[in-house]
Amino acid sequence: MKTIILRTASTYLLPLLLMFSIFILLRGHYSPGGGFVGGLIASIAFVLHAFARGLDNTKELLKIHPGFLMPIGLALAFLAGVTPVLFFDLPFMTGIWYPGQLPVIGSLGSALFFDLGVYLVVVGVTLTIIFTITESA
Amino acid sequence: MTQQLVLYPLLLQMFLSIVLMFCWRKISWQRVISIVGSIINVGVSIWLFSYIWENGTQIVLAGNWKPPFGIIFVADTLSATLVLLTAISGLAVSSFSSASVVAARLKFGYFPIFHFLLLGLNGAFLTGDIFNLYVWFEIIIISSFVLITLGGEKAQLEGSVKYFTLNILASMIFLTAIAVLYGLTGSLNMADLALKVAAIENRGLVSITAILFLVAFGIKAAVFPLYFWLPDSYHTPPSAVAAIFGGLLTKVGVYALIRVFTLIFVGDQFIENIILIMAVLTLISGGLGALVKNNLRKVFSYLIICHIGYMIAGLGLFTEVAIAGTIFYLIHDIIVKTNLFMVSGLIFRMRGTNSIRNLGGLYADYPKLSLLIAIPLFSLVGIPPLSGFWPKISLIIAGFQAERWWVVGAIIFASLITLIVIAKVWASVVWKEKKELPVRLNFRYFDKLITIRKAQMIAPMIFLSLVSLYIGFGAEHIQQVSSRVAGELMDNQQYIEAVLGK
Amino acid sequence: MLLAILLGFAFSIFLVFTGKFFKGRISILAAGIPLALFVYFAQFIGRISDGEVITQFHSWIPAFGVNLGFTLDGLSLLFSLMITGIGFLVFVYTSAYLKGHKYLDRFYGYLSMFMAAMLGLVLSDNLISLFVFWELTSISSFFLIGFNNTSRESRKSALIALAITGIGGLSLLVGSIFLGSITGTYSIAEMLTMNPEIASNPYYILIVALIFGAAFTKSAQFPFHFWLPGAMKAPTPVSTYLHSATMVKAGIYLLMRLTPVLGDHEFWNTTLIIVGAITMVYSAIHTLFRTDLKGVLAYSTISALGILVFLIGQGTVDALTAAAVFIIVHALYKATLFLITGIIDHQTGTRDTTVLRGLRKVLFPVAIAGFLAALSSAGIPPTIGFIGKELTYESTFHFGNMAILLTGLIVITKILLLYAGFVAGIKPFTGALPERFENTKMPSFLMWLPPVILAVGCLVFGIFPGLIEGSLVKPMVSSMGLDGKDIHLKLFHGFNVILLLSVITIALGTVLYFTLKPTKKLEAWIAKFEKFSPQTIVTNSWAFFFKFSNGWTNLFQNGYLRNYVATIMVFTIALTGYSLFTTANYAVDFNSFSPITFYEAATSLVMLVAIGYTVFTRSRLAAVASMGIIGYAICILFVIYSAPDLAMTQFSIDTLTVILFVLVLYKLPKYLKLSDYKMRIRDGVLSLAFGTIITLLILEVLAEPVNKEVSDYYAANAYILAHGKNVVNVILVDFRGADTMLEISVLAIAAIGVFALLKLRLKKSDQR
Amino acid sequence: MEVILAILIGVLYAAGIYMILRRSLVKLILGIIILGNGANLLIFLLGRVVKGSPPIIPADSDVFQSVYADPVPQALILTAIVISFGLQSFAIILVKRAYKVVKTDDLDEMNAIDKDS
């Protein structure tokens, strides 16, 4: 597997795929996509990198254990959900929207942060599972 | 402040789980956070309960979308009561876990998952949306899978395969039922469903959907002939896990049955009869199983099944008196069963085994703890005026009024078997002479624990015993709650109006 | 009165925490309680005999109609005095009997709990609270019988006693609730006026039968009597107190208490007479060949209880008066006999009647007590036993056309009981003192004084029956709803048939005593008949029942997952199938369906093939791969039916699942065995049936009208209110965002689970 | 086409149940996955299917102009798929662990716990 081509390719593939995954995440509100699929694409990027460069390299690149992304993602999504409760006295999960439009993303609102949380959790979960299996296989 | 009150228990548990995940491997922190959080949770739940008691059913619209469009959380008296009971059991088990669950398990996410489980339970009690209920159920089962396999011992794995398969099967049937319901009504909000289902002309389809729900929740509630996963798995995980399972997991199934069959599928004679027959067979089967088993936790597992029969019988009789009996029993059972499994854990720590044949001598070695153990044991039997006794009055009255003699007979039969089983347990575990067992190397016997750990194990038992004594001696208050719940349930218009605001 | 009852409970709880500090001194403290209560109740004698009924009411659980209502009338007063009076003596006796016992504090704890429960039982006016106390007496009896908890026999007897009285208790509960349901109250006082309505109620027989179930088990009536001899495993004070003087009379009390409510009905009277008669004769015969003193006393107690039931069954003023007097008689002499048995056992170490002789020389005061008690038990004047017997004969002798039969039965019983009384009270003390007993010491006066006091009571009340006539007997008869004006207790009624019967009884009994010599051999020979006794029948049926339970449990809980699944599926298919075929209307409108295109047909075909391959292939990898193909086919369907988000998700998830499977699978061996042909047919039929039901269900649902209210709302507001155009995503993060929050939680939990499953290894010592 | 889909779903359910009834742990998991697929399709079909018009509001408009597929079942299925994925991955690892500890894939042999009663 660890052919030179793949190694070289993965160097470029990783950032490319990550970019793509974020694009998918951001456009989710308007076209097919969203945090979940975006997260999966990002994980695939890392998995490919791991295949090419070895698991240890990927881990080093990530700096933190991928499992750590799960509480971060959950916390982000949770915050997006409770912000209206804490600061606006609105019910849980009420969408809070920044007035005005941004490119690509469209309206900026709490839903986006929520989706970002989903994205992080999915990356964390997928990588944790696959890395753990590979390690103990 | 109180506008979102319904959600506070959920938000708190979610918050706790996330914080605990951040404290990965820092188990001393986790212990403290879990216990403190659980105490706060009890406070919040009491607040919620008293608010509901004063002001009636409350709703929160998640995302601020008006019903039936968004997900809605509804706290009527039943939900608030169950949330409170979950908080109480949760606090007890949290403290018990921090002493009895070995550090290796704590390091692998025991506490975060435990709080996710509590989150799932609270959510299931509070949600007013059928698909959301499914999702809560999934939270519950995935947490319970993780907890039941945590440690990966042989018995655990074998038990969990059965647990896993049958619970997944239940989820699939549940999902199928939701699909049919959505296909028929286009709605997921339970109050809205109640209206729309009532308007469906093809009653046969409604009946089939109801049966699918009955099977799905029946598996969760461990009703005959759907209970098989329970006796094969409940004795395998650590006793703290078994405590929360024994106290609460099957009760979610019972809750769901109660909710669905008092709100959405009402007045189907065929189904009511089926429920009654299932209840009677559950009472009998569970009792017979408890009688022949020789492992303390297996005996308790079968008793769980047996006593689910009481609650289901009340639902099947479907009168206000009967439902009040069901609710009272539910309240009693959650507290006592949680306590019982902690007792089994304590005994395990004392002797290194749960086999009744090899146990004995507790009375000589631990006289005071034996008396403490006696409280849940005899509450379970329903020695009056302890807690298990009172709901039987309602159930028997209801059986008499409906002239269902066989139901009354089964209730009596189950009570008798419970009495005999518990007396047998008492005689051989507490009274019998101590049997010399081979000492297990490095096993953390109760006597070897440091004082704080001992206290963490004993205090929750005292706490729950006091609660069950209160349920017994203060039966008046509990009965008021149960009657009010029964009144609310029997008149589903009340719920519908609270949700849809008509 | 509430305080009086609670005192006992409070004391036993108090002992739990402080028992250790008091060690030797608790006895005095403990005995003070029944004494104080005795005095308390005794002061009501005057008011009660004037016909007053003292009531007290405390609200407890009005929601159930359960309250602590207490009534002190003739009946409850007599019982209260017995409970506290004999209680006091037993408490005192215990202090010497169990002196220095390690668990003396526990013993007193149970005993005072029992006393409190028993008081509650006899004072309660509310049937449910009566039941509460009733059960508490059973439980305290359980603890007391099992007091020697390391003895296997004790434990077994305690269990049997609890099981039998447990059945009775539940029977009482159901009976009370039914009674409460038809009268609308649980208060006995309120039921008193409703006798005719109750008797004419269609459930009358059922209710009475249930109440009988309670009374017969508690008062050890045939065929439930066998727990009582077993209960004699308890220390002697317990046998004296619970199993002869008080608790076993709870059933009698219940029958007496409910006589005005349920009595005066053919079913009531006949059943009680028959059961009472069988019990009294059957167990009187049983006393004949016993060699264990306690065994003799146990069976004679059962017999005496039979007599009481028999008398209550007659229901006449005469009979109830006789019953009232006999309760007092029996309490006095039987308690005495038990206590002296305890002394003999304690001092000599044996209770074997074949060896005990001549003890008067070493235990003189005890011998006096025994002698008096035996006389009273035999009904020899001038003891009160004589009066009791005369009244009994009087009532049977005037009982209509059954008089001869009933009188005959009671005379036989009395003859046998005379024998029993003599064996227990006289035999151990007469004759020459064997060598082995020469060194027997007198026990502490705390032990011998109580039986002497009781024995003197037998004599005093016999000589001066006026002491109890107006104060206890008359009020008691009135509280059973009868007029007790004409009751006059006296020793000598003149020469009449009754007196003749008495003479015959005494003569024959004495002859029996001198001729019958029970030996171990004889006892062993008699024991052969145990095969036919109710105890054996019950034991055998229990064994059978246990076997059945085992079979039933293992039949369902057989450990095979596939059987569990099959059972569940059979259940589901049966119910849904039944509903489907009885109620559905099979209206499928094919025109409403969309036409089939090529892509759809091809995808479906691929999927079918893949499904078939997954199911039947013998290679795991192939199965996984074709499962992946099923997933991709579904993916294509999602694309065709306008669900791009779903298609994307399904595609990635499906791929990931296959990868995971492969990662795991390549370590596993090939499929091992395959189930046999029959099993596959069974499973095939089951699954096809379920599949068919699902298909039919779908077609049925599709024929129903559609309601799109909710999705229309989403579509209309997705952009305007929720700022998104991909409605599915808007639903996921906004309309139903809570679901998604949970969904990612599920993922996180699963990941932790996977991590723990693969990484966590427990040390041996941490395992179960 | 709905009829064919209905039959397909029936077959999926039947195949799933049949696989769950086998003795092999791996087949059991495959059965659960197939059953899950069946349930997802069921939700999809019962929400009524529409061809070629995804529930995405056209870029130039605030609301739908023409007929569109019901988005609710799609969202539900998405949630269900993801949840099933969590459960399945856990189940697959469970198989692995169970195989390592119990040393067999045969469910009938996983009964040791029931023998000690």
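Each chain carries a letter (A, B, C and D) given by its place in the written order, and its residues are counted from 1.
Quick note on the criterion: a contact is a pair of C-beta atoms (placed from the backbone, for glycine too) under 8 Å apart; a residue touches a chain by one contact, two chains touch by 3 or more.
Please read these numbers as outputs of a predicted model, since none were measured by experiment.
Colleague: Is the C-beta contact count larger for C-D or for A-C?
Modeller: Here the pair linked by more C-beta pairs in contact is C-D.
Colleague: Averaging only over C-alpha atoms, locate the centres of chain C and chain D and give their separation in whole Å.
Modeller: For chain C versus chain D, the centre distance works out to 49 Å.
Colleague: Averaged over CA atoms, how far is the centre of chain A from the centre of chain C? Could you give it in whole Å?
Modeller: The separation of the two C-alpha centroids amounts to 62 Å.
Colleague: Between chain B and chain C, what is the gap in Å from one C-alpha centre to the other?
Modeller: The separation of the two C-alpha centroids amounts to 26 Å.
Colleague: Go ahead and note the Å separation of the Cα centroids belonging to chain A and chain D.
Modeller: Computed from C-alpha means, the inter-chain centre distance equals 25 Å.
Colleague: If I count partner chains per residue in chain D, which residues reach a count of at least 2?
Modeller: Residues 16, 20, 28, 42, 46, 48, 54, 56, 59, 72, 78-79, 82-83, 86-87, 89-90, 93-94, 97, 107, 110-111, 113-114 of chain D each touch two or more of the other chains.
Colleague: Could you list the positions in chain A whose residues touch two or more of the other chains?
Modeller: 30-32, 36, 67, 70-71, 74, 78, 92-93, 95, 125, 129, 133, in rising order.
Colleague: Which positions in chain B are in touch with at least two other chains?
Modeller: Where chain B meets two or more other chains at a single residue, that happens at 14, 17, 21, 62-63, 131, 135, 138, 142, 145-146, 149, 152-153, 155, 161, 165, 169, 176, 180, 183, 186, 188, 232, 236, 292-293.
Colleague: Chains as vertices, touching pairs as edges: which of line, ring, star, complete or other describes this one?
Modeller: Shape = complete; every chain linked to every other.
Colleague: Okay, in this complex, where on chain A does chain B touch?
Modeller: Spelled out, the residues of chain A in touch with chain B are 67-68, 70-71, 74-75, 78, 82, 84-85, 89-95.
Colleague: Quick one: which bits of chain C touch chain A in the complex? Just the residue numbers, please.
Modeller: Residues in contact with chain A: 644-645, 648-649, 652-653, 656, 659-660, 663-664, 667, 722-726, 729-730, 732-734, 737-738, 740-741, 744-745, 747-748, 750-752, 754-755, 758-759.
Colleague: Which residues, counting only chain D, touch chain A once they are in their complex?
Modeller: Against chain A, the touching part of chain D is residues 54, 56, 59, 78, 82, 86, 89, 93.
Colleague: Touching residues of chain A toward chain C in the complex: what are they?
Modeller: These residues of chain A touch chain C: 28-37, 40-41, 44, 67, 70-71, 73-74, 77-78, 81, 92-93, 95, 97, 106-107, 109, 111, 114-115, 117-118, 121-122, 124-126, 128-130, 132-137.
Colleague: Using the touch definition up top, name the residues of chain C that touch chain B in the complex.
Modeller: Where chain C meets chain B, its residues are 16, 60-64, 66, 106, 128, 131-132, 135-136, 139, 142, 146, 149-150, 155, 158-159, 162-163, 166-167, 170-171, 173-174, 177-178, 180-181, 546, 548-550, 552-553, 556-557, 559, 561, 564-565, 567-568, 571-572, 575-576, 579-580, 582-585, 694, 697, 700-702, 704, 706-711, 713-714, 734-739, 741-743, 745-746, 748-750, 752-753, 755-757, 759-768.
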